[in-house]
Amino acid sequence: MIRRISLIWFSALAVFFGCSSPSTIALLTDYGWDDPYAGAIQGVILSINPEVRILNLTHAVPSYNIREASYVLVTAAKEFPEKTIFLAVVDPEVGGSRKAIIVETLDQKLFVGPDNGLFTDAIRTFGFKRAVSITNVLWFRKGDISSTFHGRDVFAPAAARLSAGKNMDDAGAKLLEKDLVMLERTPAELTEQGITGEILHRDHYGNLVTNIPASILAKAGWRAGMALEFVLKYQVVTAKFAQKYSDVAKGEMVLVLNGQGLLELARFVGSAGDSLRAMAGDSIVVRTVGSTEPVTNSSPAATATLSKPVSNRVK
Amino acid sequence: MIRRISLIWFSALAVFFGCSSPSTIALLTDYGWDDPYAGAIQGVILSINPEVRILNLTHAVPSYNIREASYVLVTAAKEFPEKTIFLAVVDPEVGGSRKAIIVETLDQKLFVGPDNGLFTDAIRTFGFKRAVSITNVLWFRKGDISSTFHGRDVFAPAAARLSAGKNMDDAGAKLLEKDLVMLERTPAELTEQGITGEILHRDHYGNLVTNIPASILAKAGWRAGMALEFVLKYQVVTAKFAQKYSDVAKGEMVLVLNGQGLLELARFVGSAGDSLRAMAGDSIVVRTVGSTEPVTNSSPAATATLSKPVSNRVK
Amino acid sequence: MIRRISLIWFSALAVFFGCSSPSTIALLTDYGWDDPYAGAIQGVILSINPEVRILNLTHAVPSYNIREASYVLVTAAKEFPEKTIFLAVVDPEVGGSRKAIIVETLDQKLFVGPDNGLFTDAIRTFGFKRAVSITNVLWFRKGDISSTFHGRDVFAPAAARLSAGKNMDDAGAKLLEKDLVMLERTPAELTEQGITGEILHRDHYGNLVTNIPASILAKAGWRAGMALEFVLKYQVVTAKFAQKYSDVAKGEMVLVLNGQGLLELARFVGSAGDSLRAMAGDSIVVRTVGSTEPVTNSSPAATATLSKPVSNRVK
């Protein structure tokens, strides 16, 4: 009897004082670290739910770059516990006809932002559970809704309401997975010319992350210790495929598996991106050394791969 | 009876465990994201009030730029709930004779920082309630007070003490609104030459925010859809006045109302600031297309406006 | 009796609801503010301890620069309360033979990161209490451990477990202070040529912080108001030794004591680092004006000092 009363007390207190683990909203935008926008959306969130925990993943994905943001988002989101709410905004078409959406993935994570492909990698990695279009005006920020700052007026209020326990079904009409805009990428695959893929992310060290997973490298029979050759931006470069950056001398190019198990081009204590003048979206072919005519001699296969359109649905 | 006891218990517990919504201190400085200074002030705050919530608005307003910081601060602060404490430091004259102040605005927000004009836009937007000069040494950081880092030694401790429930009147002598340093700006007004104003902020996209509000554009009878012309840095540029960025083609110049209802110059998926070589503080004239002789033909009215000093009291 | 029961209740509730002041993990890395890495380690921490407070000191110490990171870390860490856990990662040799360590200092702070000299200044400033090597696999992140991202796989989980109350002795074998990698610096000392030292940090204003403390300047009898001369990167520059930046005209070079009581070279509202093309690690000699032949006339003493190796153990 005393135990039952205690339990009721404890639960009541937990609710009353908001003392259980707080909900978390993790922010990812291209709003920059130097402008008022990232601060403004934090203010909107706190005004709606003063108990929530706000974390900043980054506000500096390259401006307007939905493709790169999608990779950065999934890479960070992967490490978070279930029920985390991700508020992600890279939204060049703000105020236009693109939808505002909430997506729940199979691992119980929630993603709030524009329907422009930004959640492509999250949905492919975590699995689609359900989605809604945010159309209920009661979910918006109070006052006028601008045509230029939906992060503040639509997305942040929606994330805050979710964090305060509102059900996403209340935000608007259900969407099917096929209704959502998804990015397409150059598939990572083993071909006669080698393994094809694309650069997903150029990080601030200048490391170039590809979408080529360890499994395809294993299928090709390539192991750490081998010298490989890659074709990128009409350059053919030889580099050691190694366990870690420091397996080569300072300044040398190296191929490693990054923290996601994806092939990454790096220079040890240097910048691969700078010297290769490469960036996210560039196509790449990786092959064993000398396995193909140099691309500069206009090898038809390799150039065909390089000029292949990177995406069919979103530029 | 049992209810009364419960209530007392609940209140006692809330105080004892610090479980009610925490106070929030929001930081805005030019201390940079790469240096120890922003971290140091967070440490000072936590040492005084371990319960407070610390949020970073930005630490990257342009170095020493009080004018731009004032706009960035008010734009973010506007979205925060009452009782939020803003610790803002852009302080080139640190250690000199400028006062250290706390300002309370009519919407119950508190601003802590140097008296150099940094709170101009906050006071004009939210309304002045009261202010004090921070002179009580018990409010300072323990130990020696440097002449070069008042963010750590004076402002952060004051913000932390406010967050812990101290009354601002205890910090030092009362100040009147007229005692405070205020910035002056080129007034946004409808003149014979068009609408005059100034650039308040160049954001990281390269968007140029002016101080020209929607109301003056409405007064001039200019509506979204019209082509307008602006004179900025001796350049005359024509651009569509539109609802949203994506109303023009990629790379084209566009005029929109930003999230504050202020006229903003942008390039859709591009940088207006880069191509116009313009920045905060520059004067601007906006007019209908062809309404005036081009400024490059030395139109006296327009050039007079452009060379008008931007501020009388603070450079 | 009632009092005793209340006390037990209170303690039980505090533990149950996690309502006492949360543990704090403060992050310092070279992971950048624009990449997924800083977000990922926050996710790992929250997955292990959902109650912890996470603060970001900086993620933008210069890439791979252990020397500069060591100074930035100690400067921020100094201001934090005891029991704060610092998770610091600048780790070019990730995946190699360098140890992963936890260091406790005499002021009850905990430092988690690679054993590569990163904690040199913290240990020298706060005093060494004890250290362990993180080798217990139960302390690692679940799943495969990468060779390229120990911040996520080793250091963040260790910091999170410490924050959740685990004892550092459980993480691995004890290390002695002499087992740890420590940086060496050009000693700050009064010599016949003047005071020698090195640049510890170039901040984002372009201020150059030296390791020359106020005490050595006092020993030399140099006081604010004097004109001094410094030799840096083969340049001889005269500057006023002043109380504060604004003691000289805008754009002029000035020597001040920074917030740590260390000599700092600055330009008032300008960048000393830009004009001197100097950075962390550069040696410096400070002397009274005209006290020595100019270094450009190949004064042997001064050039000897300038070419002296900056570190014997870590490049």
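Quick notes on this structure:
A, B and C are the chain letters, set down in written order, and residue numbers restart from 1 in every chain.
The definition used in the following text is that a residue touches a chain if its C-beta (ideal position, glycine included) is under 8 Å from a C-beta of that chain, and two chains touch if they have at least 3 such contacts.
Here the structure is a predicted model, which is why all the values come from computation and not from measurement.
Steps from subunit A to subunit C, minimised over paths through touching chains, total 1.
Look at the contact of subunit A with subunit B and you find different residues on each copy: under half of the numbers used there are shared. When subunit B is fitted to subunit C on its Cα atoms, the angle of the rotation, on a 0 to 180 scale and to the nearest 5, is 120 degrees. Look at where the CA atoms of subunit A average out and do the same for subunit B: the two points lie 31 Å apart. Residue positions of subunit C with contacts to 2 or more other chains are 13, 17, 19, 33, 56.
Touching subunit C in their complex are the following residues of subunit B: 13, 16-19, 32-44, 46-47, 50-51, 54, 56, 63-64, 92-96, 144, 146-149, 152-153.
Within the complex formed with subunit A, the residues of subunit B that make contact are 10, 13-14, 17, 19-21, 24, 26, 28, 33, 55-62, 71-73, 75-81, 84, 201, 203-205, 243-246, 256-259, 261, 264, 268-269.
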